[in-house]
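Okay, so chain A shows up in both of these, paired with chain B first and chain C after.
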Partner chain A sequence: MITKRLGQLILLLGCLIFTAGCWDQRLFKEAQLVLSGGTDLTDSGKISMTVSLPYVRKSEQGMGEESVQIISAHGNTPREARMNIDKKIPGNLDASKMKVVVLGKKVTEQKIYPVLDVFYRNPKSNLSALLAVAEGPAKAILSKDSADTPKVSDYLRNLLKSAETSSIIPTQNIQDVFSVMFDPGKDFMLPLLSLGNVDIENSINNIKGLAIFSGEQYTGEYLTPEQGVLFQLMDNNKGRRARLTKKISENRDPEILNYITIDVNTVNSRMDLKVSDNNEITVDLTTDLTVKAIEYPKDQLTNRKEFNKLNESLSKSFTQEADKIIQKLQEANSDALGIGRKIIAFHHDTWEALEWEETYPEITINTKVNVELVQRGIIH
Partner chain B sequence: MKLLKKFLGKKEDNNYMKDYRNLEDTKQISSKLDDNLSYIQQKLNHPSDLQKMYLKDGKALLVYLETLSDQDKVNEKVILPLSKMDNNQIQIKNMESTGKQHTDLHEGIKQLLKGHALLFIKGTPELYTFNATAIHNRSVDEPANEKVVRGSHEGFVENIIININLIRKRIESTDLAVRYYKVGERSNTNVGVLFMQSLADPEVVKKLDERLKWITSDTIISPGYVEEFIEDTPSSPFPQMLNTERPDGVMSDLMEGRVAVMVEGSPTALILPVTLMAFYQTPDDYNGRWIAGSYLRMIRLLSFFLAVTLPAFYTAIIAFHFEFIPNDLVLPIKASIDDIAYPPILEALVMVITIELIREAGVRLPTPVGQTIGIVGGLIIGDAVVRAGLISNVMIVIIATTAIASFVVPSNEMSTTVRILIYPMILSAALLGFVGITFASMIILIHLCKLESFGTPYFSPWAPLKWNELKDTFIRVPVWKMNQRPSDTQVEELNRQRESRGWKKT
Partner chain C sequence: MSSGNNITQQQLFFLVIQAQIGVGILSLAFNVFDTARQDGWISMLVAGLAIQVAIVVIWMLCRRFPSSMLFDILSRLLGKWIGNIVNSGYLIYFTFTAAAVLAVNAQVIKNWILPATPSWVISFLMTFTGIYVCTGNLRVLARFFTVVSVLLVVLFLVTTYGLREANFIHLFPIGEAGGMKILSGAKEAILAILGFDLLLVIYPFVQGKSSGILKKVSLANLLVTLFYTYTIVITLAYFSPNELKLVPEPIIYMLKTFEFPVFARVDLVFLSIWLVSVATSFMIYLFMASKGIAYMFHRSEKHYKFVPWLGGMVFIVSLIPGNDELKVSAMSTYASNLSFIFTMGIPAFLLIISYLFRKKENEVKADDN
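Up next is the complex of A and B:
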């Protein structure tokens, strides 16, 4: 009797494992990984999605040849476009190892959240993927393979990561963008990718600058990489390295003597917000930089007078540059510095009384960049 | 559990061995020599190795078992002294090594079975026993399965007397209690129980005494038998007693208030009660300095987690959560598993079982053949199986690491336990991914918390958590910091030293 019961119990447990088992597994070997993807808008207003699919063959010693396939498909929504891609390929499309997402210019001119919704809704999607804007269609960026790195996803990711390191673009992934996207007091900027050369043969993917967004939309304006670095400094957001080359004089010969290249050691940026009784807003943005000279052929840094003059001229030209950036941002109506955020926090009544989108371009923003040269290089 | 107990239920029948307990009563010694001889021969089923010798013109009879007794000792102790005596006057009391006098023939037979020689004198109802036991022992070599780099290289042997001698030499104390038990109703095996009277918990000693007396088996072949008869939870995969062949290990355990059980004929001592941690400590930890000891201890504990969870972890990742794979490893791993025909669980199980086959084949074979099996199994199968596309090479790496990690455990019993635990872990990982691993680990942890060894918590000092006893777990703090014994044994005297480094550095 007991033996029989025991037998039944074991049979039951066995059945449990062998019948129910593994129903929700998703096997890695059956997945078709998507390492980078791009979204475009067709002329008829449909979504066109492009993905890069890596293929590797096994060889005797580990990994063999790699190849990348670029596939596009249309659909009314990104999800539908993705389903249509899935129809064209063997295996199940899986975006959980997505490295880079590129948005075509046309898509970004509309609100971008609807296009990105698919990433935020699926728990398996990779929220640490990097987001970038293409100067033209995203498909062109993804289809451009360089001879050395066949994987366009790796190429783009490394490109963006190194730009983060040199403070050209802020360190942000899809998740970070999401939290700023619906913040009324702050706007974001995305790296702008460009093929650079009109001649398609010699062109190569590069970072053209920072695309300025207002709300969820791309304004068409962008900061150059040099302006990008200065903006990160003003935003107290220095990457591992911030390096700038500046022209400090006009009349020296040869031309190279007119320039200095500096590395920023420390940055301290302060935002002073003044709100008058009639809700007039003035912002004083002071950025203190300590820098070291890493290239200055003219030298003469041992001369105290020359040294002070250099500090002054650097401060002056950086302040001018900063003014240009602020002007650009205000024209594009992009509050990338998060001034609105401060007003919400410290002057809430003012915030309630104002229509920020209309007020922001009108407010006064005074910038001041103070440069202090602290290291001259090892020999001098 | 009750179901299982009923299923395996014990049959009550104590009569089946009555005939063989026939030395319990007493038997008068006959004054006729031949009567005694024939009685002995009958009792011992007419053994061919029974040597009988009439001495002194048939006035004395010497009986001994030639296979048990040493011929030289018999000569020296009995025959030579007797030959010097007058035939009519046999004075046993005048001999150099006086024999013990007995009046019970059954007692004499018991002594005979120990290798003593029996001497009967015509006309007297008594016998004399002379200790002439032959001793054939191997030397107290270091046990091959518990080698240490530094420290004592002595090991127990198959003779319980020598084993206890090794302990007594280490603990010169009146406090060391030694108790003999006769276990095995037919084999009459000597079982020794050792403990420190003032340290060991009397409750444990009492429990052990009771359980040993309960053993009704007719043979005790090894401590493994005793272990199974007296352990608390037979259905647990975890060993609840520590097996060791090292006298220094036994000594330190005795000093922590634990009890050692030794069995005649086996070089293994059972230590009880023990905690899980005991299986991960080796004398090497204490022979070296504390930093090295702590480092090795951490490596060993890491190996425990690796051995139990690594294949399960990998299976869960490639079957459920491949977003865990680092970016740069995605494509290499993908390349290696893309063309594998079987699901990850089969891959893992096949490889684990293959390793077990190689191990099991190698254990009992002579060394040259064993090595060949290792090479054929490990290298050739490992390589060919990847080329054939049956198993991915990442899986080979995982399983090989696991196998090595499982052999890091100093105790063979615990190593087997760890290797058995791999299976439920892999199975649950393949069923439910990380959730499955979590469930399986939880069940194992719950079981560990619940498990007891002779009434002491097995998972101590983690559960119940005792902060100041963790100093001999993940790390091994300097000896002079360990002023107290672990309290899991309910030790009678907790302090084992005062300040030992009170001196001033000058």
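Up next is the complex of A and C:
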């Protein structure tokens, strides 16, 4: 009995050897995690890669001090540059926990798929990383540390995440961009990061807006954060919150009385696509918003008449703003609303007959934003 | 027949489901998209229908010989000589398919999870498990398959998460690919739901009325077809068409993007569960091959004696393509082409012969007709 038990035990322990997977263990102590990375183009056309590596400096007592090391290296491809970085650091460079990928402006002026291929091809890479464009070189963005958040990766990720929450940028990870990149009927936009101030001492990373891409290339144009919010609303893509400040009159004194700030409660945006017999395309984009006034210094929101007046002027000025956005997108030849995708799906013959890249800037897009004020906070 | 070999119709249902769901599910959406574009899901439904026809053919054949296995039927209908040759053909088909399953499995696991582990180790573990389960009788196999079927619910739920990001406009325009392309897409889809051919071998071991058997197998086929169509629709909607051309295993690629609060790599969860479904497909082919070889050596009751040898052989054959991805896919293409002959062609031929020459079992008639 005992020997039988013993035999079983030995068999079990023997099986353990097979379950351990000795070849593919990746020990944390040997890995050097990269949490954010940036890609730039050097003047000679090489790829320059910058990564931020977190490490904990051991101290005699208590918690170690957390800090970040920024390392760059050149290479002909992003992978080669990464290998060159690996030569400069102890441990193996491990990009599987990458949180943010920043592309320098010069890289994005070329097609961006080639520099991102390494992310999509490697099974270990983190496809839910966020992608952003730097107004200048990506290295500058990654090198800028802020006092209270030593890890630039956390800082950037939180910056982008909060912008998603406030509907300034769409919720999209690196895989979502991949999907749209290869779609002939849709273009994407990426958050544009900027250091803001020219004076390096006082500068801080911030979101300058949404970089408008046409195909795989950055057009150099961008939507401001306010336009970004309105665009997400037009695209039926509201984040958790959408907040806008608008000027609704000209002549009040002091200046502050001319403004209202609203929170968008609900949004319903409809794209009405009309294709005529000779393949002329007209798009009517209607966006219905119900909003809540959260700051209205002028007060006196007491009666229906006042409400209607506000609705009217808000609708008018938002419609104007929407027109500006559409104009910008058409000039940049960026079909960020995915009108082409709708034509592929519902007017396939028209799509076959058209050269979309040439047609898109010429089509007629009418916008209409209807605002309805439904709440006014706890005072009138 | 010893009683340990008999299974209930409920168990048959799970056997068929587990045999049908296998390696194919990963690349299914990619393969049908390749030919039928966004109409790939229609191809899948057509494939399910075609398989249903094949199931009815096999069932009609087996019903005429209610207590004989395929190998028995073959020698009765074709005579000893030709019967044995075709029998050997089936043996080669079963072992080769099992080897192809092993090879594809090793390649996917190596690509996605264990890049540094030698593929023979991955295949060896699978073979070892397969041999262990197959040395038991059919009832053991059936019970194992029934228990692991719970895992399919997890696969379903994990896939459903993809709906969150699905963009159904990618499915339009419906029917654009045209009839021919949809049909050739269906050919690809059929390959992913093979496995129902197990009925040829295990029909005599199933208890109950033959109409009940047809019902259970058809229900299993319906369920698998719907499940596959569902995964295809979700993946087609998730990826933009031109991206899907680049992603050979779209379903796990999609899952890799999702991030849950507790675990980040959902694709690993999916693959671990998928591994069980692959194991069941592998086991059923190994089991059928061992039944066949036991029959040829007139040792039908002792198939388990042949399992380790067959397992070893399958293991060695699966190593032939090595790490060459193209050779592995060539191997699975061969296996699929063979399967058209052995699961549809030959059974249909046998059925015609048995009707023409009015051959059927002389014993008591099948109990319901």
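Here is the rule we use: the second predicted complex is superposed on the first by the 352 of 380 C-alpha atoms of A that agree within 3 Å, B and C clash if a C-alpha of one lies under 4 Å from a C-alpha of the other, contacts with A are read in each partner's own complex, and residues count from 1 in each chain.
Throughout what follows, a contact is a pair of C-beta atoms (placed from the backbone, for glycine too) under 8 Å apart; a residue touches a chain by one contact, two chains touch by 3 or more.
Owing to the predicted nature of the structure, the values given are computational and were not obtained by experimental measurement.
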Touching partner for A:345 - first (chain B), second (chain C), both, neither: second
Contacts of A:99 with chain B and chain C, given as first, second, both or neither: first
First (chain B), second (chain C), both or neither touched by A:182: second
Partner chain in contact with A:358 - chain B first, chain C second, else both or neither: neither
Touched partner set for A:66, first chain B, second chain C, both or neither: first
Touched partner set for A:277, first chain B, second chain C, both or neither: neither
Partner chain(s) touched by A:31 [first = chain B, second = chain C, both, neither]: first
Touching partner for A:126 - first (chain B), second (chain C), both, neither: both
Chain C-contacting residues of chain A that also contact chain B: 21, 24, 126
Residue numbers on chain A that touch chain B, as the complex places them: 2-3, 5-6, 17, 20-22, 24-29, 31, 33, 35, 54, 56-58, 60, 62-64, 66, 96-97, 99, 124, 126, 157
Touching residues (chain side chain B, partner chain A) in the complex: 3-4, 6-7, 317-320, 322-323, 325, 327, 330-340, 343-345, 387, 393, 427, 430-433
Touching residues (chain side chain A, partner chain C) in the complex: 18, 21, 23-24, 120, 123, 126-128, 173, 175-176, 178-184, 186, 338, 341-342, 344-346, 348
Complex contacts: residues of chain C adjacent to chain A: 111-118, 121, 125, 165, 169-173, 176, 238-243, 246, 253, 256-259, 264
